[in-house]
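The structure follows.
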Amino acid sequence: MTTHRELDDMLGKGWRKPPFIRRAWLRYTILIGFAAYLVAAFLTIEVNWARVYEGLERGKQFILAFTSPDFTSRSGDIWDGMVESIIMTVAASVVGIAISIPIALGAARNVAPLPIYLACRSIIAVSRALQEIIVAILLVAIFGFGPLAGFLTLSFATIGFLSKLLAEDIESMDRVQAEAIKASGARWLQWINYGVQPQVMPRLIGLSMYRIDINFRESAILGLVGAGGIGATLNTAFDRYEYDTAAAILLLIIGIVMALEYLSGIIRARVQ
Amino acid sequence: MPVREAEGQKLWQRRTGRESLAHWVMWLTGVAVFAYCWQQISEATTWFFVWDAPRIAGDIWTRATPPKWEYITQLGKPIWDTINIATLGTIIALILAIPVAFLAARNTTPSVLFVRPIALLIIVSTRSINSLIWALLLIAIIGPGVFAGVVAIAIRSIGFCAKLLYEAIEEIDETQVEAITATGASRWQVMAYGIVPQILPAFAGIAVFRWDINIRESTVLGLVGAGGIGLQLSASLNVLAWPQVALILIVILAAVVISEWVSAKVRGAII
Amino acid sequence: MLRLEKLVKTYKTGDQALKAVDLVVPDGQVLALIGPSGAGKSTLIRCINRLVEPTSGKVYLGDTELTGLSSGALRRERRRMGMIFQEYALVERLTVMENVLSGRLGYVGFWRSFLRRYPQADVDEAFRLLDRVGLVHMADKRADELSGGQRQRVGICRALIQNPALLLVDEPTASLDPKTSRQIMRLICELCEERGLAAIINIHDVALAQMFVQRVIGLRFGAVEFDGPPEALTPDVLTTIYGEEDWEATIRKVEDDDSEIEAAE
């Protein structure tokens, strides 16, 4: 019997797991190439170990600062910065989400005609390719220092993020439901309202909550380039080696992010 | 029942009276909050600059074009550094994220009461703080340079990777784990045979995904002095050398597009 | 061989899955465990190898008391009990061969298993078993490429390579079509006979159980309601186990022809 000959061939021979990449030369090229890259990368990083060793003491101080954060001595600056961050977050999220929705509709191939689709997709691509902080630098150069630049940056970034994910959700929606509404003779806007909106609403709310969370985290760094928010205060605190104030600000950020995540968990659970 | 009697006729309504009231109050508060925020922003803004903005933008544009192409010869090392920051940072983060994820997942944590909250705290705190802030902090501690950038990226990525990974661990098929346990396998063998094969695709996806994000983030770390191409950007901005800025922005854009393409390819190959 | 004494399992929710079950399984006996869903069949099987920790009572495998063993000792005893699962429970992203060899995990050290360097004897035995179930040509396929029946055969190989004295079989046929179900049941019973294994088989399909086993236990609400040979399963007995229903069509004489049952399925 053939199977038994097969068996006899196999008995007594070792067994190896078949490798993930079957072509041996490719496997070894990738492995050796990666190893060579790692070595090269490690060799080109210049680390001043003496400086790092000195830094350990400061690192310890910083960690200790978390046990006694100083909320009071710069409370005015912290308060102003935090309020500005929150204001930027709220305003930018509202505007960003409002603009994202039409763009998302335009960027969904099953809703929009081709020219609009291409236009919206390129807006998304530009917004996603540009780093928030780079956008902020340019906007500060154009509009001057202050929260307006930060607000515009966050709105712009929100559009790229939200439109893309929402458009993907619209593209993967159930066609039958939407067709049923169309079949009833609905206009385009009615069709969107009855056929599309109910299907993507939970996802829209979930994504919006997530984006508010991201916007707040981002607003904390915009201050580094002069675009308003808590970042400026934080930067000053680091420059002056005021670790206890920095720790206080970081704790506040972590606290607000946790609260936002908790809130978005509740809201998402209620929507679904 | 959202049906109201009016003049002897039943009127269907979408919401009951109280519901629609709550709805309106919610919208009203929302609009009021937004109006307040906008007013605050507009108060802090020098509107003269804003009205002047188109002219300034045009001015910057004329100065920035054409980009100073020959400057690219000086960008080789910064680009190399940027890639290293992202790659090494991602690798370190993954190595650290694996134990954190196993400690944070409900089904693998040794103790739900003591160990899990600590792991979750690590995840939340490293995730909430942007890598630029980590870089600021590390520069204050260990001095400026590429090394600070690598560590900053690594710390920021721990929470991100560990969160996605522990969610993947919590979603595994428990019967496969049960079957391996039933053979008399030890704890570590159960991990290697029952759990790891199930989360490997997710792990690879997370690694590539985060590497892509880290390329983006490492391009700007130099702004605070943590090495990479951002250093050149910051230096050029300080002396208002707009043609150089334009070139650097083009290079960054290209890096972002290429890394996104690479990560999409790799993810496609693995999953 | 296997002895259960007053085995009780109460879940945290307060559900009493097993109420003082006493059971003795002699060497080499193949036993079917029947009963309605929620009667505690799965719990009983899992309490034996302590995948589910029993609340009280004792389990003896040979002379060893399993309840109360330390985790290391329990692992050594688990090697003597092969387990076969309803949804096959193969590690889907590993190859067939790795799945079979994972049955030896209790015998090899961590690094050997991690590097897939199993002793030659284990590898040979794995090939022999795969050949016995007709899957030797599939050895390097990934488990999720296999059909249901093929996966269950791999599951059987994994249990047998442990060189067990007892097989714990949890609904082996529930996810399979009628023909494959019978093939799998026949295979399990043949292998038990070849190797002189005792087996406890959880099974929904009463007719299938009657065809292959020597003894049937009926479980209801976590207590043994019936214990006897398959011929003694009368409509009355089934009514006490499952509740009122017309049982005539379910019970088949043992000498029933294969094709007839397949037609009735």
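Chains here go by letter, A, B and C, matching the order in which they are written, and residues are numbered from 1 within each.
By our rule, a contact is a pair of C-beta atoms (placed from the backbone, for glycine too) under 8 Å apart; a residue touches a chain by one contact, two chains touch by 3 or more.
By chain, with names taken from UniProt: A, B = Phosphonate ABC transporter permease; C = Phosphonate ABC transporter ATP-binding protein.
Since this is a predicted model, take the numbers as computed values, not measurements.
If you draw each protein chain as a dot and join the dots that touch, every dot ends up joined to every other dot. Across the assembly, the chain pair joined by the most C-beta contact pairs is A-B. Distance from chain B peaks, on a Cα-centroid basis, for C. Chain A and chain B have Cα centroids separated by 4 Å.
Chain B and chain C have centres, each the mean of its CA atoms, that are 48 Å apart.
Across the assembly, chain C contributes residues 98 that each touch 2 or more other chains.
Those residues of chain C whose C-beta lies close enough to touch chain B in the complex are 49, 51, 75-79, 81-83, 85, 87, 89-94, 98, 102-107, 110, 113-114, 155, 158, 162, 168. Within the complex, the chain B residues that touch chain A are 30, 33-34, 36-38, 40-42, 44-46, 49-50, 53, 56-57, 60, 80-81, 84, 87-88, 91, 124-125, 127-130, 132-133, 136-137, 139-143, 145-147, 150, 216-217, 219-220, 223-224, 233, 237, 249, 252-253, 256-257.
For chain A in complex with chain C, the touching residues are 3-4, 6-7, 10-18. Across the complex, chain B is touched by residues 37-38, 41-42, 44-48, 51-52, 55-56, 58-59, 62, 83-84, 87-88, 90-91, 94, 129-131, 133-134, 137-138, 141-144, 146-148, 151, 217-218, 220-221, 224-225, 228, 231, 234-235, 238, 241, 246, 250, 253-254, 257-258, 261 of chain A.
Those residues of chain B that touch chain C in the shared complex are 173, 175-176, 178-186, 188-189, 192-194, 197-198, 200-201.
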